[in-house]
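Per-chain residue numbering starts at 1, and chain names A, B, C, D, E and F are given in the order in which the chains are listed.
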Amino acid sequence: MSVVITDPPRVPADIVGLFEPFGVATVHEAQGRTGLLASYMRPIYPGAKTQGTAVTVSIPPADNWMIHVAAEQCRPGDVLIVSPTSPSDAGYFGELLACSVVAHGAIGLVIEAGVRDVAALTQMRFPVWSRAVSAQGTVKATLGSVNVPVVCAGQLVHPGDLVIADDDGVVIVPRLKAADVLKASQAREQKENATRARLKAGELGLDIYGMREDLARKGLVYRPASGA
Amino acid sequence: MSVVITDPPRVPADIVGLFEPFGVATVHEAQGRTGLLASYMRPIYPGAKTQGTAVTVSIPPADNWMIHVAAEQCRPGDVLIVSPTSPSDAGYFGELLACSVVAHGAIGLVIEAGVRDVAALTQMRFPVWSRAVSAQGTVKATLGSVNVPVVCAGQLVHPGDLVIADDDGVVIVPRLKAADVLKASQAREQKENATRARLKAGELGLDIYGMREDLARKGLVYRPASGA
Amino acid sequence: MSVVITDPPRVPADIVGLFEPFGVATVHEAQGRTGLLASYMRPIYPGAKTQGTAVTVSIPPADNWMIHVAAEQCRPGDVLIVSPTSPSDAGYFGELLACSVVAHGAIGLVIEAGVRDVAALTQMRFPVWSRAVSAQGTVKATLGSVNVPVVCAGQLVHPGDLVIADDDGVVIVPRLKAADVLKASQAREQKENATRARLKAGELGLDIYGMREDLARKGLVYRPASGA
Amino acid sequence: MSVVITDPPRVPADIVGLFEPFGVATVHEAQGRTGLLASYMRPIYPGAKTQGTAVTVSIPPADNWMIHVAAEQCRPGDVLIVSPTSPSDAGYFGELLACSVVAHGAIGLVIEAGVRDVAALTQMRFPVWSRAVSAQGTVKATLGSVNVPVVCAGQLVHPGDLVIADDDGVVIVPRLKAADVLKASQAREQKENATRARLKAGELGLDIYGMREDLARKGLVYRPASGA
Amino acid sequence: MSVVITDPPRVPADIVGLFEPFGVATVHEAQGRTGLLASYMRPIYPGAKTQGTAVTVSIPPADNWMIHVAAEQCRPGDVLIVSPTSPSDAGYFGELLACSVVAHGAIGLVIEAGVRDVAALTQMRFPVWSRAVSAQGTVKATLGSVNVPVVCAGQLVHPGDLVIADDDGVVIVPRLKAADVLKASQAREQKENATRARLKAGELGLDIYGMREDLARKGLVYRPASGA
Amino acid sequence: MSVVITDPPRVPADIVGLFEPFGVATVHEAQGRTGLLASYMRPIYPGAKTQGTAVTVSIPPADNWMIHVAAEQCRPGDVLIVSPTSPSDAGYFGELLACSVVAHGAIGLVIEAGVRDVAALTQMRFPVWSRAVSAQGTVKATLGSVNVPVVCAGQLVHPGDLVIADDDGVVIVPRLKAADVLKASQAREQKENATRARLKAGELGLDIYGMREDLARKGLVYRPASGA
C-alpha cells in the first residue's frame, strides 16, 4: 500500500542545532559505529555539509512522482532521504524541485540514485549526497510512500531521524537516541582535542593508547633493514 | 576498413552558439530524452561546460594513434568524441595533444576511456568528459577511423552532431534535429522560468501540475503519524 | 610473521627534491611505463601533489593498528603506502592520525582503502590518494607488517621507493632507479617543451612524428563526406 | 552492545513447508514487491533453492567469530543471514562451518560477503547465496550480534523471518506476514497457471490483459517498415 | 514518439541457418571485429547458444510494457533485443513472457537489464543473455518503441539484423552484410582447422605466423634464467 | 626492455603432485594467508582445478603477441599467468592457443583479462581463471616479457612459483616455500579432519576452540527473545 505519513515526530530543532560542530565520523563513532550509509554516496560539491531531520521517500525506479508528494511534507530543517525500490541512476531531482523543497524548508537531499542540474544546485548551495549524477529524467506514473521506514544505501532510516552529512558521507541517528548521541559526540570531541595536542607534539599513539605491550604479546618483531 | 571522412557537414556555428544558455538536462528533455551518454562520463573539473560539433574517433583499446589523425580534421568549434573498440582506462589524451587540437580549433573532448595531465588541462580550461583519469600511456600501432558513426558511452554519435556537455554529463543532438531541439529548449526554458517563480513562492508541484486527483485515483493514502 | 623493518634505505632527499617539476605522467613515461597504481586511486582534493619516500604498511582489512606502528617509522619526507590484505573501504585514517604522522615528518598517504575526515585533511593540505572515502572506523586487533614489500593497487612497492602522486594518480619509482628516472624525466620534459611549441603553432603530430607514411602503408584511407 | 537473542519466534515449520512450490519471483510479487535482496547476491551453484527461518548475524568486516556463536542458535530449518558492518569479500564461511551448522539444523546461508570451499559446499548441496567467492580467511577478534534486526543486501531482516531463495535471488517475508503471503502466493500461482495455458496457445498479453486501448490512448503508433 | 515498426525485413532464414556451426568469436572476427556486445552480457546457463533475427525493443527503465507489444511482432526465428533507456537490473522478463514469445516463434532474448525465473527458463532451454538476474518486477506505465534502431550493451542493432550468441557473448551482424559475413566465417573456420592441426602437432604460432623476425626487430631479447 | 627468460627453475614436479589433495583455501591458510589473487578471478567452468608451475607473461592491453612467445616456453605441468599492463577485458586467449600450449605441456591459464571460446575450452577441460569472458580479439603489435616477476590480480608472481587454483580462486606459493607449505597443508588437513568429525557430531566451535570465555570477557550478552 502507498501511504504518506503526515507530520511524524522529529528530533527537536534545538538538539539538531547542537550537532553543528560534529562531522559524520565523530557522530558515527559516538553512536557505536552504526548508521553509516554506503561509501558510494558522495556529495555533489566539496564542503557540502548538513544536519537535519529525515523525510523519507520510498520510490519506484526512475519515477520521481513521490518527491513532489514529499515536498508538501517538508518542514524547516528537513533533509529528504530518497531510496528507489530497485537500482537506478536516473536524475530524479534537479533545480526546480530544489526550489520547491527549499520553499518548504528542506535543507538537503540524500538519494540512492541520480541527481541533475548539479551546477545550479551547487550555486544554490543546496547540498545533495547521491550515488550518481545524471541528466536522465524520470516519469510520474507509479506510487510509492512518504515517511515510512526505508533502507537507503544499506541503512534503515525512519522519518524524523537525524541526518548528518558532510564530505565523509552520511550517517543516520535514530530519533530517540539523538540526545544521547549528542552527549557522546561532545565527549568524544573533547577527548580528541586533548589527544590531538599530544599527537601534534610528537607523542605516538603507541604510547598514548598504551599499545606497545599488546603488540609485543601478539608477536610483533622489529628488525633493522639489512643492507642497502 | 579504416577510413577518415574529411569535412563532414556540421551543425552551423550560429545554431550551436544559441545553445549556450541551455544545460544538458534541458536539451535532453527538449529532444524527448534521447542522446544522453552513460552517467560514468564525468568532467575533469567542476564547472566544465561546452557545446560544439562532433569529430568522432573509433579507436583500438590503449592505442591513441587515431587521435593524432583526428587532430588534423578538427575545425573551430569541434568537440572530439573518442570511443575505444573494447574497454580501456588508459590515458589516451594529455596536455600535448590538447595543445595540438586547440591549435586546430577544438574546444573539448569526450572520451569513453582515460585522460591524463588533468592538472594542466584544468589550468588550460580545456574541458574533458571521461570514464577515468590515468597516467597510463598508449601505443600507436593500430588503425581506427575518424568521422564515422560511433557508439560512445551507450549513444550513437555521427560526425557533425551537436555535443552539449556540462557538470551533468554529455548529450548528443543529431545534426538535422539541432534547429528543432533549439526551439524546444527555448520553449522549455521559458516554461521552467514561470514554474520556478511559482515553486519559489511555495506553490507545490502537486498543484501546479494538477497531480492530486491522479494520486488519489491510484490509491495514495494520507495518514497522520501514530504516537511519538 | 609480523615484522617492522626499521630505517630502510630511502631515495636520498636531494634526488627526491629534483622530481618536483615532474608529474606522474612524465615520470611514468620516463621509466618505461611501469609502476603506475590502478586508476581507482584518486586524490581527496584537486591539485593534491606529493613526492616522497615510501613507508609501506601491510594491514588486515578494516584494522588500522599497524598505521599507529608505522607512524613511529616515519621520517621527514615519507609517504605512507597502505595496502589491506583483502579489499576494504573502511576509513583507516583520519585527521588525528594525520596530525601524528605529520609530527613525524610524513607528507602524504596512499591507501588502497578508505579515508575519513577529508574536509579536515583538505584544510591541512595533507594529500591522500585513496580508493574510497568513508567514515567507517576500524579496529585495532590484528598485526600486519611495516616496511616490507607490498602490492598496492596493482603495483609492487618496496620501502624507500620514490612515490610521485598528483591529480593523475600515483607512480612508484624503485629506489635504485630513481637517479636514472630523474635524468630520463628531465630529458623527456625538455623534448616535450620543444614539441609543445610546435603543436601550439599548429604543426601536427602526424608531421612532427612522421606518421603519415606508416598510416598509409597500414591502409588508412581518406574520403570526403558524401552529401549533407 | 553485542548481544545474542536466543530462541526468537520463527515462522512455524508447517507454514514454511507450504512455500516449497513457490519461487522467489512469485513470493516477491505476492507480498507487493517488497523484501528482495540486491541482485548481486548469487547462488554458488545452479539450482540452489531453500526456504527457512532467519538466524541473523551482524558481523565485523573480515571477522567470522559471530558465525560460530550463531551456530549454537541454529534450529532445524534455519537459514543464516550474515551481514558485515562494512563491505568485505573475505571468505567468512566454508565447509567446516557448514558441517557444524548442518549438525544443528541449518539448511542454508545468505551472506553479503564471501564464501569459500564452494566445491565441497556444492557436493554437500548446502546452498549459499553470497556476494563473492573467496578463499581469504577471516579473524576472530571482534564481537557482533546474533538475532538482531540486520540490513542485508539492502533489505531489513528480523530473526525468525521467512527466507526464500533460488536461482533468482533471495526474498525475505516478515514473520507475521508469512501466512498472508502464502495465500497470496497460492492465488498468484493459480492465476499464472491459467494465463500460462493461454499464452502457450498463442494468445497475447496485449489481449489477455486488455492493454491495447491503453497503449493507443498513450499514443503508440504502428507503422509498416519502409522498404527493404 | 513511440512507434512499432511491423514486419521489418530480416536476414533470410536459410542464411541464418548456415551460421549454425559458427561461434561468436568466429563471426566477430569474420566481420572485422565489429558488433560485439559488452562482456557483462552473460548467458543464464552454460551452453546457451542461438542465432536468429533481431526484434528490437527500446524500453523505459523497470517497465516491461513494450515487451508485451513486441511479442506480437515476433516471427519464427526471432531473437528479442531489449535495451532500457537508463540502467536497470529489474527482472523485465520471466517464464510467462517466455511462453508467450515462444508461441510466436521467438528463440531467444538479449536484454541489457535483468531477467527472472531463470530455473524455469533453463528447463525450457530458452536462452537469455542479460546483465543481471533479478526477481524484481517491472511496471506497465510508459511507452517505448519496437523495431527501431537501438543501442544495446554498446552496439547499434537494427531490426532484422542477425544475432549470434553463445557462451562467449553476443555479436550482431548487420542484415545486409550477413551473406558476406557467412562466407568470411566459413573461410575463417577452414583456415583455423588447418592451423589447429599444426598447433596440436606442436608447431608454434611463432613459426606458423612467421613472427620471429618481427619480434627480434622490435627488440625482444631471450636470456637464460640466472641461478636457481 | 622486453625479455624472455628461458627455463627458469620451477617447483619440482613431485612436490607439485603432492599438492593434489589440497584446495586453494587450505593452501592459502597453510602459508599464512598470503598469495591469494583477487576474488574477481573466476573459473570458466564449475569444478575447474589445477596445480602447476607458473610461466608468467607481462603483456600490453588488448595485445596477445607475447602469449605466442610464451607458448614456446611452456613445459609439462606449467600454468600460464598473464597480466596486462593496464586493465583490459579483451579475449586474449581461445581454443587455438589452448591447443598450442597444451601441445607444449601447459595445463591451465590464469589471466587478469578476458578469454574466449569458453565452450570449446570447457569441452577440452582446459581450466582458465579470468576476469572476464569476451569474444573481443586482440592485436599482435607490442612487446612484453615472459618469465619476469608480474603482479596478477593483486599478487606478485615469479616464474616457477606454484599455482593452485580451483572453484575458490587462485593462490600462488613462492617456489622456495613450496616444500614447507606442503607440510603445513598436510598438517592442516589432518587437523581439519579431526575437527570435521567433532563438528558433524554436533560439538560447537565455541567449545572445540574454547571461545566462550573470550566472548564473555569481551562483553557478549545472551538474552532471551522478548515476546512473540
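Just so it is clear, contacts are C-beta pairs under 8 Å (C-beta built on N, C-alpha and C of every residue); 3 or more make two chains touch, one makes a residue touch a chain.
Predicted, not measured: the structure shown is a model, and the values here were computed from it.
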Exercise. What's the overlap between the neighbours of subunit B and those of subunit E?
Worked result: A, F
Exercise. How would the subunit A/subunit C interface be labelled, same or different, where same requires over half of its residue numbers to be shared?
Worked result: different
Exercise. Upon optimal superposition of subunit A on subunit B over Cα atoms, what rotation angle is obtained, reported to the nearest 5 degrees?
Worked result: 120
Seminar exercise, completed: Quick note, more Cb pairs in contact for B-F or C-F? It is B-F
Exercise. Just how far, in Å, is the C-alpha centre of subunit D from the one of subunit C?
Worked result: 42
Seminar exercise, completed: subunit A and subunit D have mean C-alpha positions lying a whole-number Å distance apart equal to 28
For this session: Can you tell me which residues of subunit D touch two or more of the remaining chains?
Result: 1, 33, 39, 85, 87, 89, 134, 136
Seminar exercise, completed: Pairwise, the chains that touch are A-B, A-C, A-D, A-E, B-C, B-E, B-F, C-D, C-F, D-E, D-F, E-F
Problem set entry | Residues of subunit C defined as touching subunit B within the complex | 23-25, 28-29, 33, 36, 39, 42, 46-47, 49, 166-169, 171, 192, 195-196, 199-202, 204-206, 209, 211, 215, 218-225, 228
Problem set entry | In the complex with subunit E, residue positions of subunit F that touch it | 1-9, 45, 65, 68-69, 71-72, 89, 91, 94-97, 99-100, 102-104, 114, 116-120, 122, 132-137, 140, 143, 147, 159
Exercise. Where on subunit C is subunit F touching in the complex?
Worked result: 1, 32-34, 38-39, 85, 87, 149, 151, 154-156
For this session: Would you mind writing out the residues of subunit E in touch with subunit A in their complex?
Result: 60-62, 85-90, 134, 136, 139, 141-142
